[in-house]
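Shared between the two complexes below is subunit A, which has subunit B as its partner in the first and subunit C in the second.
Up next is the complex of A and B:
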């Protein structure tokens, strides 16, 4: 092993194969559609109205609020996710599998449920009031919204950081330790830089999510930029100025993407010498065990316990008149939407990431950025873009299952980039090149050497897309085939009429459904890690 | 099994529309939880299969505008007059007799849409922190020092915007602007919709809220102790405004006959009775047993200001005003 983070051009070949170019083109075109649609709509604008709606002082204020919220969520989320990921990968804490499961679970909690749970703490049906008889000041504004959002987005950071820790070669740290460096110095100079790409990639995803979120923010009464867009669509039924505002959001996304690129550019973390990575030796927590468990208990209680208690409370009203057949139909509809979408997303994401790493250049950069623009486009605008193009080019596909899948995949493909990119960086190109040198074709070398080691990040990516689709609303509403019904649609149709009790079984369904998949995948992934570990140690 | 596969294939290819002969496609801004039984009854009565796309009224209205002449929808059933007004250009003319069955107060003169139920604006308040004597007599009272920081409102909500429109029509833009600014200065708190205001009062965040009449019943029906009640302002106050939900036939529809059958069904005594009892709303025709917990419609009509329902679709100036004072 030689250098930690070298800036090499390893593994690049001049011309990308069609196997990468075709999926990349599909992703590029699919994710360009929303931006193009927004441009078309924006051009309808009337100059005097434009100034009044788009370039007003208040938008600046809302934009500033949005940035503050992003900063709070990323800080809180990292403060939860980083120690948690370290605990479950690098220490001798017990029940690592269960802890990983619990830390990933809050991802399954719908935003409005999380916000209600926090509001409910102090509220009329609140636990503080009913059990302890005290009344807490209600959470709202920046801190309320920030806390609610961090509590269900931190698992995204956690999963990425955990994968980064697991894939990290401990030999770097051990060398530093043998040179007499302290734990803290090693963490800051050896571990953090290696976590950096995973951290920045997940910050980007979470940040873009926060910018677009509406449910939790509206309940916490914090006014952000998405509020302005929502107002245009809902109050004025105006697609033109909403398009302008959405384009401003996309400009913000482009800036964030450039910043991300600048800080993680071409770093390489694979070992370059002989030998192979081992499993890191766990740190003994000793008397810190208590603090570690207290920390985890607090996080689980807030992020998962509270929402469950709120839903449990609503269930009292919902259970007696429960329509089980409807719940079953909605669960099947949800699975039929999220399952195939997650797998298709992965099929397209892997080639795009390979292209950006192995054949960097204008084309790869463009595709990658378009995918992020697709992800950052407000969901309602995204769905309208699909309506616009489907009706003009392929009306027979309109409101069909195929178009729904296409929309999900294009909207969420960027979510899967992070884990795959990280894994490919950690795998490096050496072994693949060795296989090539032995006369195997590039495709075969990839299939036999790289793909098996991509299994873990691929399931992680699948999981993220799956859960996002389970909770998704506007795209499903506008594009699903007639009569199609998902759990999230049922929740909305009830909460919107103030029927919290009737919504509760469906919301609980969302959480149970998603947790089932989180559990299955982590179990499978855990198995993979163990096998890999055993193989390496033998 | 084979059938399932074929059905699945049809779904994938988007060929579902070949399946049934007699159908009607409805875009419904009204929630499935409330109206699904009504749809079932329509199907049983007419033998027509109703394909319903549920969604938020505003999302579906935007969708209809985007679809334009290619819309697969036959009927749009909306939660508020603002959406109906915005979509009027996309609606086909209704035969005049449709609106003739409807009570005067709810009638649409332009015959672009028809009201399917009536509701009123009300004041909700906390039974724990508000004495009967402290209730405001007019929305103008809410700008008083004594209500500082205690009132909730929802500027993005269709019902609230219709109220502002009516306020403008009766008192003029300047008066409304002054009221809005005084409310903001009095620290009125912004919520997203009606239900969240009720929750906020129960949770102790605020003491009063400005909402539509049919939400609170859903809370008190299952919890008689729920610490929120609703009331009206003094007779004639704009805060007692009467509003409508309604439906129209989409111009792009190639199935206007069945669309008309659905609208006739919504105005039928059975459907009106259902909406009145299950939805806590007012029927738009005579001969319906009113909801026991609601003020009788005659009483409401007496105390509500006289505003032309048709004019409430004109949102443009209202939105500009709300933007001007910084609420949107």
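Up next is the complex of A and C:
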């Protein structure tokens, strides 16, 4: 019966508890701050200047370039992630754990390293020509930036799709099979629609990432909003125009968020059947094994092998004059920034997701949209907004550890929503109701019945935020306390001065640091809805 | 009202969305201690919504829910002392059977789990996980879990729909005996008339959010108020006729009625209330068999009586072939029905 769907959608829900409202308010206000600052900044311009700025033809050019880049990255990313996710969840391919790890590994590669690796591959002095004698046309502009971005953002798609595949009840596919449908028809009509929410959610994450990224884009010299904002802030010092560009970027984000809402509205994916979900019977690859492995090898080589080769190349110059003490300090600094930020983010994310699912309404929707807005706000603008507010309202917070944490949490909180939301949807509300019918308070029911099964997605979300903070640059750079140093700051300052060899150990440090945690993500993610019994047997 | 009155539902209404259809419409009923009431109706008639309002998972737009005279309407679900067993049982998959039962148990003794498991005949299953149990076992664990919270009333949502047919009737009998010996009152929801009739003391037939008729199972079956109730609770013959006092003239001849009435009437006549036999040598038949349905221990004949098709249930004593001219006779009284729009 569709009772659950009917009841969660319709009618009035009781007033949400303060335990959910307060964190939601914190998130809402925190993520709204940057947009507010941008508005204040943008309105600094006088009236005559205003019209000229807003209707500059260049804006349209930047918009088109940004949209083209998003389209290229999402297409390439999906072409990599969807087959890979299917291979590791639905086929009899071996070493699934290792493969998943390899597919998630590019998360550990900072964007600027990926772009540099691609640049180093092509062109006259490129690796391809020096090592293999093949002269590739120089990768620049749209395709260069698109390739670089998809090669290190596809893991987001992969992880989300993999989790969706694992959480899907194979009974749907089996019943379609029993109706005499072919594998292809089942994939198109049964599997894809169920993957849809995960797909759209990760497209949104990656899309927002693309329009906010500037490292890879700057190296590829592709002019999009974020690149233009960066040059306005750092080079031209026209902060009013930069604020306007940022506002346009935000408008784009709002449009993307509304589009996502439109395509996934009113869908429910809680299982309604009895008993527990089983693991699907794997598809036999047979002769396709070779093709599958070739595909995976190519993806791994491009996304992880290439940056490693380039870094290895630089290491031979960097290693002899290595400052080990500095590397150690930077590693500890990175951990002290990313660890607490990840945990704080999760503490705020769980109540907000609960609010949006259990007490849907204007307030919950607003908070969720604001959180995504915070995530989509270009990190540079976000950081400057925080500086501005600290100086205006509480100078003692400026360049304090607390403000740094606040900025991390507010810009990454939306990232933690995905895994928790998926797990909560799949757990459904009936078991909490069963617990309450046994005389247990709503809070206790949640603690005992839902929370234990949220542990895995929570850890996965934590690790995701952790890695993002490890690689994050603009916020750290602008808000870190004096003398505070992280791996990313070291890579950036050294690369900026052209000391590629000096930067290499720190970049390698980031990659090692993050790949360790990517491995941990895989250990925890995807098992969200598995029952204890299955977890025990596996 | 009796002294054992346990639950009173008064004028409960619930509408989904401001302009949406009414799911439950001014519903009232009572249940005594230890009584089993079935809410039966087609899907979408509002029976599950009613159950959830009693449990406290839905807030009624109007009306009240009283347990032993105490108004529970604004009491949260967990403080009502009303148990609920869900259609899919909602066992906590990350807890063992023992942990599931201990979760809601009112008492904290060492033997609590063993006692309730023993009650449902699952001794020794304490360490199992829900996914290691069959459907019937899961259901019994869900019941044991509810019992352990010691409610006076348990709500069951389609309790037997997830069990296979072979298990269903056995489970029904066993659980009914269990509930009766525990003295727990039950409201359960079903769309299966056989389940309602065999499991409940009293049934209430719902349609479009209202109760059409309620009463003892046999009484409602024997004297349905209208054609909907008559057809929903098993098979029946709906005949048109003209009534005069205690009799009605129909295509089957003059029939005695359960209550006197007059004018044009619709009447319901259960197939098992009709007798059938082959005509004797010089006898005039009043019908001809057009179809025979062999069902093992009994048979159903479809008889054309003067242009009206009538079903007749007969035991195996007579076996007649298709096309046989027969005499159909009424054994008992026909029920005149209220006029309703179907």
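As a working rule, the second predicted complex is superposed on the first by the 502 of 538 C-alpha atoms of A that agree within 3 Å, B and C clash if a C-alpha of one lies under 4 Å from a C-alpha of the other, contacts with A are read in each partner's own complex, and residues count from 1 in each chain.
We take it that a residue touches a chain if its C-beta (ideal position, glycine included) is under 8 Å from a C-beta of that chain, and two chains touch if they have at least 3 such contacts.
These numbers were taken from a predicted model, which means no experiment stands behind them.
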item	value
Contacts of A:400 with subunit B and subunit C, given as first, second, both or neither	first
First, second, both or neither for A:430, with subunit B first and subunit C second	second
Between subunit B and subunit C, more extensive residue contact with subunit A	B
Contacts of A:380 with subunit B and subunit C, given as first, second, both or neither	first
Subunit B versus subunit C as contact partner of A:445, first or second or both or neither	second
Touching partner for A:388 - first (subunit B), second (subunit C), both, neither	first
Partner chain(s) touched by A:317 [first = subunit B, second = subunit C, both, neither]	first
Touching partner for A:219 - first (subunit B), second (subunit C), both, neither	first
In the complex with subunit A, residue positions of subunit C that touch it	14, 16-17, 20, 43, 48-49, 52, 55-59, 76-79, 81-84, 86-96, 103-104, 106, 129-132, 135, 138, 142, 145-146, 148-149, 155, 157-158, 162
Subunit A to subunit B touching residues, read off their complex	52-53, 56, 58, 119-120, 122-126, 135, 138, 140, 218-219, 221, 223, 227-228, 230-231, 233-237, 239, 317, 380, 383-384, 387-388, 391, 395-403, 474, 477-478, 481-483, 489-490, 492-499, 501-502
Subunit B residues within the subunit A interface of the complex	11-16, 25, 31-34, 51-56, 58-63, 65-67, 70, 72, 82-83, 86-87, 156, 158, 161, 189-196, 198-199, 202-205, 215, 218-219, 222, 226-227, 315-316, 319-320, 322-323, 326, 328
Footprint of subunit C on subunit A - complex, ascending	1, 3, 6-7, 10-12, 14, 272-276, 430-431, 433-442, 445, 448-449, 452-453, 531-534, 536
